[in-house]
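A single structure is presented below for examination.
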Amino acid sequence: MRVIEYISKENTKNWLEKLDAKNDVFLPVQDLQEARIGFLDYKEFKKLVQQSKESPEKRYVINHREKTALSPKYIFFPETEKLFDFEYLKDIENPEKVELRLGAAEKTESSGRIILFGLKPCDAEGISRLDRVFGEGDKKDNYYMEKRKNSLLISIGCNTPFPDCFCTLVGGSPFNFENADIGMVEVNDGYAIVKISDDAKDLISENREYFDKDIDKTAIEEEIEKIIKSSAEKIGHTWEDLPREEISKIMDESIGSGIWDQITKKCISCGACTYVCPTCYCFNIRDEQKGLQGQRYRSWDYCMNSYYTLEASGHNPRPDKSLRYRNKVNCKYNYNIKRHGHIYCVGCGRCIEVCPVSMDIREAVKTVIDNRQQASD
Amino acid sequence: MKDENSYLPEIATVKKIIKETPAIVSLQLVIDDEEKRNDFSFEPGQVGQLSVFGFGESTFVINSSPSNKDHLQFSIMKAGVNTTALHNLTEGEKVGLRAPLGNWFPYQKMEGKNIIFIGGGIGLAPLRPLIMYMLENKDKYKDLTLLAAAKTPDDFCFATDIETWEKSKDMKVIMTIDTACDMWGKEVGLCPNVLESMKPSPENTIAITCGPPIMIKYTLEVLLKLGFAEDMIYTTLERRMKCGIGKCGRCNIGDKFVCVDGPVFSLKELNQIPEPFM
Amino acid sequence: MTIENKLKEKIDEIMGDLELLVGYSPSALPLKVNPAFIEKKEETGSLVFNKMCINNLASYIYDLSKSVKGTIGIVLKPCDTRSIIQLASEELIDLKKIKMIVPGCSGVLDYKKIQKHVGGEKIISCKLDGESLAIETISQKHELKAGDFYADKCYWCQVHDNPAHFDEFIENDQKLDIEPREKYADIDAIEGKSIDEIMQYWDEQFSNCIRCYACRNICPLEICRDRCITNLDEPYWQSQRINTEEGKFFQLIRVLHLAGRCTECGECERACPRDIPLSKLMKKSAQITEKLFEYKTGEEPDKKPPFLTFKDVEKNIKEENLS
Amino acid sequence: MSETVKNKIEEGSGTGPDSNTDKKSDVKIVAFLCNWCSYAGADAAGTSRLRQPENIRIIRLPCSGRVNPLFIIKAFNQGADGVLVSGCHPNDCHYSEGNFYARRRLEFLKEYLPFIGIDKRRFAYQWVSASEAQKWQNVVINFVKRIEDVQAK
């Protein structure tokens, strides 16, 4: 990996401070008291720190080592988002007549860009998956694209993968900066910058003072090689390799088999895994009205919900949790490969971590693969 | 139209309401915006999303003739919250409309062939624009047959249309009801059974069916038994939909979304999808 | 002989009478176990029973009792039996169909507490040796005392070696050995705050809610799951928005629907991916039903739950008079 | 309502212990009344021109047993400052036992509310029969006053 720039940790803070003046910077923040980690608007974070009664260092820290509990998708695809307002207008002179006015969601004229700092490579990958869903096809999703268009992703490689990490299985890597605008690796007491996209050049060129001038690039590069090697050793594998080329076919074949009943037995059909997933994009649309005014909004939805496919007629194509889970895994490891050319799982492991009954998507996929091999033996 | 908001409906006015059956009404709509109204065109089989603001949005097939520029017609069966709100509309009221969405019947590929339409209850709605198109262009198609089924004589949608079609020489019309009742001089029996007894020849014939899921299931079985090839059978499907543009995820059958890849599928296409569509 | 082996022995003995056995099996993840569903006698070897078995397997029993025809054997910690008894007292399940296999319990560890103790750092491995707990996170090794990390319910457990109801009880040589704590201490702590502070406390907690319904779906008593009022279009009881207000409102629906029913197994809080202290809400409701109706959930299968019955004169209710 | 009509109503209603006639408070109170006793009682209070504060919004239900505690929470959620439930006296229920069930649920809720940060005093349940117009007036006046006190704090 070729090192382009180097910035010390101390200077990173100043750099972010500077970036935040003109842009909206989001970064991973940990609440030490509650042990929760999440992406937060830097401005919001500073406010929290100010409000905190205890010393801020004790309660909140910027944290880029651990994965955030939620994936950062909500920055572009919020849990609840207004689509538009509507209003019925009554004519006092002529009460029979009711006019209707629709107000498109006002475009937020943000001066700067949205910058996500400290994104894991898998999360950047996740955002690139959402880009395909919302940006491909005849009709685009303006709400997502509007926010995404003006954004930059600053990704930091994972020196330490976790036991539930499996990005390498699904074709990623802890140092994959393909989807990032700026790619960084934590080395010594700072970050080596190994990728800069054209869009992000100004973030560095306008802030040259924070970047070290005299650096021994070869020494750092050697260091990075070592880090990459040790990281690769640590990554947990539950099985040797995922037959990525074939997985779609294997999944297809599994659909009629009873294997899914077995896999799903312990599942409680909740939405925890969906809502923490960086690539799940399903949503619900609802109207709500008070008096003559109302709003149409969308909110996250999850496919393990029995209401998800329930039609008004009472017909439900997926009434059973095993059918729903089958659809969920296939959506990631089959259908979206066909639709968008990629596995819609980036191996972040969040779903495994949050599952209260230890459902493990790796295990599910492995069971399907093993089942097929057994059948052919 | 690059920056067009795909979720923002056009406002349309209800011009006329027709009560089809006790549970089904047809709404004739006119788009308010003149430019959009004049530009509007659709293909038979395409759908639209109708909103009653404050209640929600649901998908219905456009069932007026594609050549009809006066209005767009949708038929709605009362089932949930939004359909009830649509039923409660009066003429002159406003609704939201996002259309046309989805794919359509490949009517060009059907030229020079016999067509048999099999529609049950409100399942006749998706067939109506196609039937009207084909009747308007009768010279391009060979024999047209319609098998219309309903629970009782009162449950036939588009009764006046069926009557007109019956009288015209361009299409053979067979009507059947599920169980016998007085004053009914036509067929009695479930749609698939009647179809089986009709023994239509699969020779150079395309079958198009739509109706409740259970009817589609058995009708497809009968058609295969009669020797129809999978690519000569078409059906339209429904799923719960929200966005209508392939984003919200819920209307998938395998890797296909009913809202963008459908609602019209040939049986061949459906059988290629690993997830069962029934 | 360890309790695990004794349990396996017992299960092997009775497995022939069972159509399905619900138990625990090991998980690949540190500090966790898997719920296991075993149909064949040969598969019982994979069962485990240890201090990581925090899951309440009664969560599955309602659905299983509908789908499985024969007898279902289920491994339950003594406290978990209460959920089964409560379901039976509401006539939601038939006790005759269920064989409660109850090993004595020496306490279970709450992995969330351990996780929080190590500062939210991911745990890579864990080893429990007697009372000493060795935890390795990505950055360091911790030597911890197991006694500090038992599940809340263990600290006021009364039934660990004497469950009131069971079909098979297996004596555990290792007894629960922890300093008991006051059950309602955390409730009192909240109630010590001013009313505005309490409101703010819950608002802060529920600002994290993502409405995933894990709390609802894991609850052994909430059998509504797929028919929940919160998802209905008609009546439109609750907005689908995901925010603090709605999260809190949903939780109050849960509290009210579980009032006089909740057996305080703590599964909702354990299942919550956002670590919202839900069991506090449930404990308060238990405290009130105990006080008002002298009713303890999950103890008497033949006694009617408090909200399904009434008395002409309620001696514990002091009605106020505004006139 | 035009000013003159309003004044007339105010003039016509003279009786009852209402000290705060001049001060108009804007607290909003939702009242769930049972159809058989309390609603009739409130109606009787109206027809006998017993003056009542305007802060109350009455919702009529068949029985106090119909009051799902969720109604009350929802009312608070939607911005009510206080919620009042009123039904027949115990043993007088039109459906014989509806209010007995209600009493248990409502008392539970009353005990629970402070735990989620809602002042106990914002909620009350009372038994008012069809003939107790005077009692209804007192209840309403006192409840409104109580809510105003809570609000003022």
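In order of appearance the chains are A, B, C and D, and numbering begins at 1 in each one.
One rule holds for everything that comes next: a contact is a pair of C-beta atoms (placed from the backbone, for glycine too) under 8 Å apart; a residue touches a chain by one contact, two chains touch by 3 or more.
Quantities reported herein were computed from a predicted structural model and do not represent experimental measurements.
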Interface with more contacting C-beta pairs, comparing A-B to C-D: A-B
Separation of subunit B from subunit D, taking each centre as the mean of its C-alpha atoms, in whole Å: 53
Computed distance of Cα centres, subunit D from subunit C, in Å: 39
For subunit A paired with subunit D, centre-to-centre distance based on mean C-alpha positions, whole Å: 50
Multi-chain contact sites of subunit B, meaning residues that touch two or more partners: 56, 80-81
Pairs of chains in contact (touch as defined earlier), listed by label: A-B, A-C, B-C, C-D
Touch list for subunit C against partner subunit D, complex: 187, 190-191, 195-203, 237, 245, 248-249, 252-253, 255-256, 259-260, 281, 284-285, 288-289, 291-293, 306-307, 310-312, 314, 317, 319-323
Complex contact set, residues of subunit B against subunit C: 56, 80-81
Partner subunit B, residues of subunit A touching it in the complex: 83-84, 86, 88, 96, 98-100, 102, 104-105, 133-134, 137-143, 251-253, 255-256, 281-289, 294, 296, 298, 301, 303, 308-315, 317, 326-327, 330-331, 334-336, 338-339
Residue ranges of subunit C in contact with subunit B within the complex: 233-234, 236
Contacting residues of subunit C [partner subunit A, same complex]: 27-30, 32-37, 55, 59-60, 115-116, 119-125, 138-139, 208, 210-214, 216-218, 225-226, 231, 239-243, 267, 270-271, 273-275
